[in-house]
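Consider the two complexes below, in which chain A is the common component and chain B and chain C are the respective partners.
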Partner chain A sequence: MSRLLTMRNLVIEGFQEEQWGDIVLGVDVHVDRGEVLGLIGESGAGKSTIGIASMGFCRPGCRIVSGSIRFGDIELTSASDRELRKIRGLRVSYVAQSAAASFNPAHRLIRQYAEAPVKHGIMSRAEAEKDARELYRRFDLPNPDTIGNRYPHQVSGGQLQRAMVAMAMACKPDLVVFDEPTTALDVTTQIEVLAAIKGAIKDLNSAAIYISHDLAVVSQVADRIMVLRHGKLVEEGGTREMLANPEQDYTRALLSVRKGRAEKIEHPDRSKSLLEVSEVTAAYGDGVLVLQDINLKLTRGKTVAVVGESGSGKSTLARVITGLLPPIKGNIVFDGKELPARFSDRSKEMLRHLQLIYQMPDVSLNPHQKIHEILGRPLEFYFGMRGEEKRKRVADLMEHIELPERYINRFPSELSGGEKQRVCIARALAAEPDMIICDEVTSALDQLVAEDILKLLQRLQNQLSVSYLFITHDLATVKAISDEIVVMLQGRVVEHGSRDEILTPPHHEYTELLLASVPEMDPDWLDNLLDTRVGALLREGPASEHAGKS
Partner chain B sequence: MDSLTILIVKRLAFGLLTLFVISVLILLGVEMLPGDLAQALLGQQATQESLAAIRLELGLDQPLHVRYFDWLGNILQWDLGTSLANRREVADLIGTRLANTLFLASNAAIIAVPLSIFLGMLAALYRDSLFDKIISMTTLMTISVPEFLVAYILIVFLSVEFSIFPSMADWSSNAGFWERLYAVFLPVMTLVLVVVAHMMRLTRAAIINVLTRPYIETAQLKGMKRSWVIMYHALPNALAPIINVVVINLAYLVVGVVVVEVVFVYPGLGQLMVDSVSKRDLPVVQASGLIFASTYVMLNLTADILSIIANPRLRHPM
Partner chain C sequence: MITNIAKTFLKAPRSAQLGFIIIAINLFALAFAPALAPFTETEIIGKVWEPGIWAMDCSEEAIELHGACWSQLNDDRMDGKAWLGTDHIGRDLFTRLLYGARNTISIALVITGLSFLVGMTFGFLAATMRGWVDQIISRMVDILMAFPTLIFALIVLSVAGTSIPVLIVVIALLDSTRVFRLSRAVAMDITVMEFVEVARVRGEKLMWVMWREILPSTLPPLVAEFGLRFCFVFLFISALSFLGLGLQPPTADWGSMVKENSGAISFGVYNPLIPAAAIAFLTIGINLVVDWFLRKAAGLREEY
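Presenting the complex of A and B:
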């Protein structure tokens, strides 16, 4: 195989907080023709920056400081704008993480597909559109002949992502850069997109760089994997060898992700019912029922996981329980008392006992308040604490969440994602609640960080007997933390039982689909799955696309 | 009914309400001014008897609300009434004036709107370049200088100093289109200079705002030229704010040009309204006021409809 791309000693800096800082620190990358390279690492590892640099492109606020990027026989670091434009889209193409944001909302899908081949002058528009329809069919998109006439907002996330893969293939490029193309998708949708990507690479025999934070996903498509951390190479090797014999501790940690289960302490006294949701039905303004006849019980000191894909209504359930969305019918009993439907009708005590932690720690913390103000606020509000007493309690909370006390004078922007989520946990704990609703609290975090957060939550439960209602789409999280599992689909509960009941066969058909869709650390997993799975199940199964509020 | 129709009906209803409120405000405003039409007609030396006679003749002796509802009743039958000052039909009086105002406004708009969007796109394309800075400086200057001063500066240079264009924008009744165009050249230039700055700056800002979106990066990574990216990918997504600023300026071109009309002695609707206010000629003031107000209402409605049509999410719902 001949060499297609060679990056040597690449150094890229980014401008952040008023100064230039390193993003990529002297990395060597090479890709041969027809080879798929996996780049893996946590956020901040520089993997995206490297991927996009293979097109000679730097995001605004970044600069290539030194090193060389050779694509074929062109040196991209010194190439003119004109030369770069001739390569981009034509010989190297890019598939972004969020197709929803990366498609232009103002133009039809097929127009955007045809743009590159037509503007690069290799096809007429009619030819390009004919190719597009063929690819849409190849990728199992519904109505392949007409779906291209739709606007991006008119198709679902998984379909859009496949349309984006098709668009990247339009000029039959030598290299495709996939930048976390499945990260934002549900597990069942992820499989469809992965299958499309794998098929596309095979059909064209093009090379690819596949970027992900998920080793299991990368190992399905990559021939060779590079593990990156803080802009440096940790380890590099063939996919199978690396999975079998990781050399570095960091790689081993990534490999063992999803296997852990936090230690639970069983208390016999924790059997009292805390929350009872009966026959709850709810809808948003348009009258479409988002929740139908939901029944749910939560015991003191236990964790109930609510699992479902986007549109299943799991977050709406949280809104109903917290009183943000009054249900159409049904009632909620908390600690023996019926809760008023609206949060504004609930007493301060009721509010205090029920706290909420959100998915995005970045947006749920006030960026203009220091940590001690953020934690002090609920202490003042619920307990009227002042001065020394409040200071002590804040220090106490910081200890609970395992952050150094000196952090209390920092702003949220000075903390990492995982640290911010810890602060959110502490803020919920400050109210000394009986129950915390955790709404996808780990899904915005890197896997290793997410694991630590789960362990922390479990330790806090063991100590404080707080109950969790754990809302997630990720079955691995569920395995790690739950006592009971509720599986939701399109606003209904399809299966409900103890963790072991749900996770051991026989499963409900949909639970089975969810479980089977979680990628495993086995390079053959996807192929085997696609072989065994009846195609019809994927296309017509319950995971088929539906729009809705999650 | 689809949402667009509902929106239009709602807005028209609100528009009618607005017009009603404005007519009341104009009535009270004119009434609050010292003196009345009789005094304006007869001057300072008029005797009490002659004033009373004129008032009786014009119906000014009637109480305010009676006069207002008479007028309102006529309006609802599409009758603008007659001018109290010279007994001519208000509709005739206003007709030619309105046509003149629209002639001036549309000429200014035809030049200013495409020019400012084009300049705005260029400024976004060559952001932070010398061209961008020069354009920013120039437009800042034309925004900061009051319009009558712009008008006088143009007169001094193009009319007095070099005698290229007339400073009086008037024409004989049999003048052809080109003659008229020549006559209004300076007022049109003044208006263009005043409105281009605002529209151009907002176009630039709206496009630059869109340039940070991921789909712009997608287009760049497809190897598209920067000018194409701005025209094909950024502009269609920046249309809503641009449409709004264009419409505000169009409304200004119709309604806000009184000062420019006065400077160039241009027989437009604005000047007629100013004259009629000084004569306390209520029916004419009311009619001009309502025309100005409906221009605003209609243009704003147009802006909203165009913004909806420009947005594919609203144009093509799921």
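Presenting the complex of A and C:
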């Protein structure tokens, strides 16, 4: 095989907090023709920066300091814009994480597909559009002949991502860079997109760089894997060898992620029911029912996991319980008392006992308040604490969430994603609640960080006996933390039971689909899966092609 | 506190430092006008449109009198001279510039401050409450905005009389409609953020949500708008003065000084350009500082 891309001793810096800091620190990367390289690491590892650098590009605010990037026989670091333009889109193409943000919402899909081949002058518009329809068919998109005439917002997230993969293939490039193409998708949709990507690479025999933080996903596609951390290479090797014999501790940690289950202490005296949701039906302004006849019970000191894909109404359920969205019918009983439908009608005590933690710690912390203000406010508000008493309690909370006390004078932007989520947890704890609703609290985090957060939550439950309503689409999380599981599909509860009941067969058809869709650390997992009954189920798509947001 | 200000000043880029200096000069003039001014605001000290100390008088008359081209600098008596010349009725321009700074800047500051207080309060209220509260406030603002501002101000001022308090309230209210629009739009984006939701579900009162959660995030665009509005208010006051409904003579303000002396331009006399330059000077100074603040707030880098 001939060498296609070679990066030597690449150093890239980024401008942050008033100074230049290293993003990539002397990494060597090479990709051969027809080979798929997987780049894996947590956020900040520099994997996306390397991926983009393979097109000779740097994000604004970054600069290539030293090293060489050779693509074929062209040195990209010294190439002129003209030369780069000739390569980009034609010989190297890029698939971004969020297809929704990458497509121009004002143009039809097929028009955007044809743009690159027509601009580069290798096809006429008609030829390009014919190719597009073929690729759409190849990627199992519904109505491949007409779907290209739709606008980006008229197709679902998974379909859009596949259309984007098709677009990247338009000029039959030598190299395709996939930058976390499935991270924002549900597990079942992820499989469709992965299958499309795998097929596309095989058809064209092109090389690819596949970037992800999920080792299981990468191992489905990649021939060779590079593990990156803090801009440096940790380990490199063939996919199968690395999964079988990881050499470094960090790789081993990535491999064993989410296998463990935090230790649970059972308290028999906590069998008292805390929250009872009965016959709740809810809708947003447009009158479409998002929740239908939901029944749910939560016992004190236990964790109920609500599982479902986006659009299943699980986040809406959280909004109904917190009173942000009054239900059309049904009622919610909390600690023996019926809760008013609107949060503004609830008493301060009711509000205090029911806290919420969000998915994105970035937007759920006020960027202009320091940590001690964020944590101090609920103390002051609910308990009237001031001065020394408040300061002590804040320090106490910081200890609970395992963050150093000196952080209290920082702004949220000065913390990492995982640390921010810990602050969110502390803010909920500050109110000394009976129950915390955790809405996808780990899905915006790297896997290792997410695991720590889950362990922390479990430890806090053991200590403080709070109950969790845990909303997630990630079954690995569910396995790790739940006592009971509620599976939701299109606004209804399809299965409900204890953790062991749900996770052992026989399953409801949809639960089985969800369970089977969780990627495993096995390079053959995807191929095997697509051959089974679940693969057939996926193709029929009982739930996979419903658009909409949760 | 003082060391903090000094630190910020020293760390700021050159352009912002210049802006700070310009503003400081103006504030100094504003504070010490009576002490600095050689004459009183209304004193007539010489002929109409006498040139300032820079001008050489080479008229036949002057040559005959002094034997050569004559400038005020040749005179031995330095005090009692019009440094920057005189205005259309022979008052000292420098003195009137100092007093004008006093009137113009302080009134414009009060007007802009008031318009922001009103505009932001209602804007945030509309954005936070939504629903019928938003509808009522927004439609009332629409009605106000439907009238051309100048004509509306003319009507109100001619009915209510032209005193400074009336002037301040009228311009501030008219201006607050623009501030309302902006602050409502900016706050709308912030109110849907989860940290605001957290505060509301915590049971926080409306005032806390508005001022503690929403305000800090909306400051950058509002501060930029403040710099602009402040300059517009200048011009608006002078436009009203021009029509005889602004500050009443003999009170000095920069806008009306430009207007009163504008006739001099056709005689080749530079005097009206001096108050105009003062307006431009302060406007530039404010905008330099605002630009810097915006860049800082947006976290943009100085160089790439």
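Brief remarks on what is shown
Please note the rule applied: the second predicted complex is superposed on the first by the 545 of 550 C-alpha atoms of A that agree within 3 Å, B and C clash if a C-alpha of one lies under 4 Å from a C-alpha of the other, contacts with A are read in each partner's own complex, and residues count from 1 in each chain.
Everything below uses one rule, namely that a contact is a pair of C-beta atoms (placed from the backbone, for glycine too) under 8 Å apart; a residue touches a chain by one contact, two chains touch by 3 or more.
Here the structure is a predicted model, which means the values were calculated and not measured.
Judged by the touch definition given at the top, the superposed model places A:Phe15 against chain C, while chain B stays out of reach. Of the two partner chains, chain B is the only one touched by A:Leu90; chain C is not. By the document's definition of touching, of the two partners only chain B reaches A:Pro105; chain C does not. Looking at the shared chain after the overlay, A:Ala116 reaches chain B, while chain C stays out of its contact range. Touch criterion met: A:Tyr151 reaches chain B, while chain C stays clear of it.
Of the two partner chains placed by the overlay, only chain B lies in contact with A:Met55; chain C stays clear of it.
Within the superposed three-chain model, A:Pro367 lies in touch with chain C and out of touch with chain B [touch as defined at top]. Touching of chain A by both chain B and chain C, each in its own complex, is seen for residues 60. Residues 15, 60-61, 63, 322-324, 343, 346, 348, 351-352, 356, 358, 360, 363-369, 377-378, 381-382, 427, 431 of chain A touch chain C in their complex.
Interface residues of chain A, counted against chain B in their complex, comprise 52, 55, 57, 59-60, 84-90, 93-94, 96, 98, 101-107, 115-116, 119-120, 150-151, 153-154, 547.
Of all residues in chain B, those touching chain A in their complex are 212-215, 217-225, 228, 232-233, 236-237, 312-313, 316, 318. Contacts from chain C toward chain A in the complex involve residues 193-195, 197-204, 212-213, 216-217, 301, 304.
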